[in-house]
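Before anything else, here is the set of structures, which you'll find just below.
In the two complexes that follow, chain A is the common piece, with chain B as its partner first and chain C second.
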Partner chain A sequence: MNVTIAHFTDYTRISISGDLDANSSVQADEAFQKLLADGVHKVHIDMSDLNYISSAGIGVFLSHQDEVHQKGGLIIFSGMNPRVQNVFQLLGLNAIFTIVPDIDTAHNLFSKHS
Partner chain B sequence: MFSFISKYRVLLFTGIGTWLIYVAHNFSIAYRLQANPELILLQEGLSDLTLFVFYLANILMVRQIMNDQKGRNPADMLWNVVLTGIAGAVAIRSAMFFTAPYEGTYLELFTHPFLDALRMYVFVLFLFTAIYTFKRFIFFINSKQKNTLWQVFELLMILGLLMVFENPFYIISDYVKTTLLLLTLGLILYFCTYIRWVGYLTFKQKLNTIGMLFLNIIMLTAFSYVEDLFSYSISSLIHEFFFYKYYLIGQAALFILIYSLFSILVLVFNLPTSSVYEQTRTDLASIQKIHKSILPGQAKEGSLRTLLEAIMLSSGATLGWVELEGESTPGIMSGITPAEILELEQSINFRKYALDTQKPYQIQDFNRFFRLKRRDSRFRSMLILPIQTRFADLGAVFVIRDIPNGFNDDNIEVLQSFANQAALALENLTLTEKSIEIERFQEQLAIARHMQEKLYPKAFPQSLDMDIYAHNKQSEAVGGDYYDILNTDDGVYKVVVGDVSGKGTTAAFYMAEVKGMFQSLARTQLAPDEMVMNINEGLAQCLDVGSFLTLTSMEINMHTKTARIVRAGHCPTLYYCAQKDTWHWLDKGGIALGVIRNATFSNHLVMEEVEVHPGDQFVLFTDGIAEARNDAGDEFGYERIKEEVIRYSFESAADAGKAIINCIEDFSGGYIEDDYTLMIIRLK
Partner chain C sequence: MKHHAIFVCSLDQLPEIRAFIRASLPGTADVFVNQVALAVDELFTNAIIHSQCAHVGRDLEITIYTDKQGVNLEIKDTALPFPIDERVQIDCLDKIKNREKGGLGLFLIQQIMDEISVQAAGEFHIVKLRKLY
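Showing the complex of A and B:
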């Protein structure tokens, strides 16, 4: 699992590739925490190279979602493959997460948001 | 067989008995000296026979007694021989003293044979006690070859014994006598190479043994005709000594003499090196001590003290102390105080050298290389031995001698092995403590598992309405899957199947909470969606941030013939409608518990309602089933679940359930990795 971070004017993008399972979610969690500590609260999670996500991986996003929300921030997910999408849907996470098909849509949304 | 005392009694009895017979017969000869020649021959023949019997009986008795004895210290055994000799010598000398007045009178005819016989008796006892004592030395280490050769030696002695029957009518040629003698000598010299027992004696024991051996040799001369010896020339002495009656005694005496002399030589030459062997034995004993000093429950201090003592004893060090990693002050000290150690450290930073190397470190002479603040004659050379295992540094031992170059390399190797032994033992102790702790934890885990087992329904409500099967398996000792079914009011069934995110103990705790809440809420009139809402509220506070829980809550009301179902983020339920003969997934809407922890949660809940009829089926499960993977990484998936359920739909719920689980296990390579639950409900 690899985590790449890219900073943009309005937001920061975390690109996650590979499998987000119990072990690798620790790494993702640390990256996310660091961003928040640095004061970023507009986060784009790019999942175009993400193969699989476990409940631990979902837990990472759930656990930071409150903090982001309180700071008036926003998390947008994009590029989910069908399997990951299915997981999110079954759990009903669409209710609290913004999920868009691709990177551009996400980018535009962030611009509008600020 | 015989006890010690009675053996000697028998020996005495046999010995004296046969000896008396011999003496009596010789008297009778002397008395009837003027009898005719044929009778004389016969009488001489009989005399030889009695002598033969006398020799044989006594030698056999001595042999028997000696062979039965248990092993003792060589010096002690030799002392036994010396005592026998002294007793014999005293007997001879007193006999000689008392018969002296009759020299030159006709009573000489009696006293001479008597003395002669007595001399032979004590000589035989002494010699053969000595021979069989020496046999024990030779047989210190046994071997088949040696055994055979000893038997040959005994055979040679038997041949020597047979020489007794030589008399004027048949002479045994000198050739035969000499050959036998040489053979005996050859064997004796061979046996002289077996002196390994010498190496096992301490210095003192060696000295003692030398003394005893000398005494033995002297005893040889005590009964011998010392006075007469000087009057014989060498050749006639030999001839006299190997005179037919004394041939066997000659053989025996030769053995004793040669083996004793040889052993004395070897002992004397081994005296200087005694200390080396003793040192090795002490060192070995020390290792044993250190090994035994670490027993479960023993304090570390005891074993470290044993280690320090062993090292100081072996190296001759006068001062020493032990320091353990992580402790600022030395734990064990001998002959030195912490203040002195500190002072020493300030003058010489030996610690720095010790830590740099992982091997023993020596400072050969304090005076030469460093300046001590104040010269202390006790501190001259120092050795530092690390106490370490392959994985950890446990500390070090410091010892000091009052002479320069006080430690030699050979000794240091041995000392390091002491330290290594102690290190292993200490590590062992730590590991034992840890494993006891782990065992306690495992006990607790087993209890947790046991408790959790109890939370699952023991039996399903036996009902005329439905056929129910449920099976659950956890991947670890405790898990996060949950299912329950309750028949609260005759005909109203409340069912729940749930799954906590994550595994293990945390998940199990949440699972227990859900059970509690379900059991209470199910006994109310609340609808499934209201129940789910309440559970969400109940969990909101205690669920970890990032943890969530999925479940399906269902109510089957046999009075109204309806089923209501809420899918809170859980796997969809497979439903068979008997009337229409269709299978479909009940997967409307839904959100997992813990995702939204406030009142807006209920906005996302969706409750489905269906009419139920006899023959309808519901299949509920957790994602462990749907996500079971085969070697290729494919998931079992909902489609396959549906296929299998349909395949077994005419079996009983239990048979179908078991078959389906088998099928999934086969798919995923023999066993399913995740926690999983499967529940089949068939309306009758």
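Showing the complex of A and C:
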């Protein structure tokens, strides 16, 4: 699993690739926590190269959603493959999180949110 | 045909465990296979985190086989017994509000599998799972 951070004018993108499971989610959680500590609260989670996610990976996003929301921020997910999308659906999170098909749609949403 | 494997009790093994499940279900729909791999991942993660197996060098054993109606799994571990066959409900909005990370794995296993049972076998527990096509 790899985490790449890119800062843009309106938001910060976290690109996660590989498998996000109970072992690798620690690294993703640390990256997310550091961004929040640095004052970032508009976060784009790019999952276009994410192959797999388990409940531990989902837990990373679940646990930071409230803090982001309280700070007036927003988390947008994009690029989920059908396997990853299915895990979000099994937990009913597709009705709670903001999930869009691709990077461009996420970018436009952040522009509107600014 | 039955596929059997033994894994060291460590979270490092999770990718190999998932690869074993995928290799055991050739020609099966991608999302279906991922669900089976996810359920096993969640079960192993629970066993690794909540048992002492990592400290005493115990292994985790898995057997998988298919029939005309579905996929069958038997997982033998030394984890402390937990009520995997008792239905749980979760509220993700509550988890967000309480900033919780955990507590989703058992729910996912129950969402994915059609049949779940647990048998005690000496110091081991054998969890049996079945998912219909």
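The definition used in the following text is that the second predicted complex is superposed on the first by the 114 of 114 C-alpha atoms of A that agree within 3 Å, B and C clash if a C-alpha of one lies under 4 Å from a C-alpha of the other, contacts with A are read in each partner's own complex, and residues count from 1 in each chain.
The rule we apply is simple: contacts are C-beta pairs under 8 Å (C-beta built on N, C-alpha and C of every residue); 3 or more make two chains touch, one makes a residue touch a chain.
The structure displayed is predicted, hence computed values, not measured ones.
J.: Is the arrangement of chain B and chain C around the shared chain A a clash or a fit after superposition?
T.: clash
J.: Check whether chain B or chain C contacts more residues of chain A in the superposed model.
T.: On the superposition, C touches more of the residues of chain A.
J.: Quick check on the superposed pair: does A:L90 touch chain B, chain C, both, or neither? Answer first, second, both or neither.
T.: In the superposition, A:L90 contacts both chain B and chain C.
J.: Figure out whether A:P82 sits in contact with chain B (first) or chain C (second), or with both, or with neither.
T.: second
J.: When the two structures are overlaid on chain A, which partner does A:N108 contact: first (chain B), second (chain C), both, or neither?
T.: Once the two structures are laid over each other on A, A:N108 reaches no partner at all.
J.: By the touch definition at the top of the document, which applies to A:N23: first (chain B), second (chain C), both, or neither?
T.: second
J.: First (chain B), second (chain C), both or neither: which does A:I58 touch?
T.: Both chain B and chain C are touched by A:I58.
J.: Please pick the stretch of chain B from 56-64, 110-118, 470-478 or 650-658 that overlaps chain C when the two structures are superposed.
T.: 470-478
J.: Check chain A for residues that touch chain B in one structure and chain C in the other, and list them.
T.: Correct list for chain A: 22, 55-56, 58-60, 62-63, 66, 90-93, 96.
J.: Which of the residues in chain B come into contact with chain A in the complex?
T.: 501-502, 545-548, 550, 568-572, 587, 589-592, 594-596, 604
J.: For a test of understanding, state which residues of chain A touch chain C in their complex under the given definition.
T.: Touch list, chain A to chain C: 19, 21-23, 29, 52, 54-56, 58-60, 62-67, 82-83, 86-87, 90-93, 96.
J.: In the complex formed with chain A, which residues of chain C make contact?
T.: 11-12, 14-15, 18, 30-31, 34-35, 37-38, 41-42, 45, 48-49, 90, 92-93, 95-97, 99-102, 104-105, 107-108, 111-112
J.: Quick one: in the complex, what on chain A touches chain B?
T.: By the definition above, chain A touches chain B via 22, 55-56, 58-60, 62-63, 66, 90-93, 95-96.
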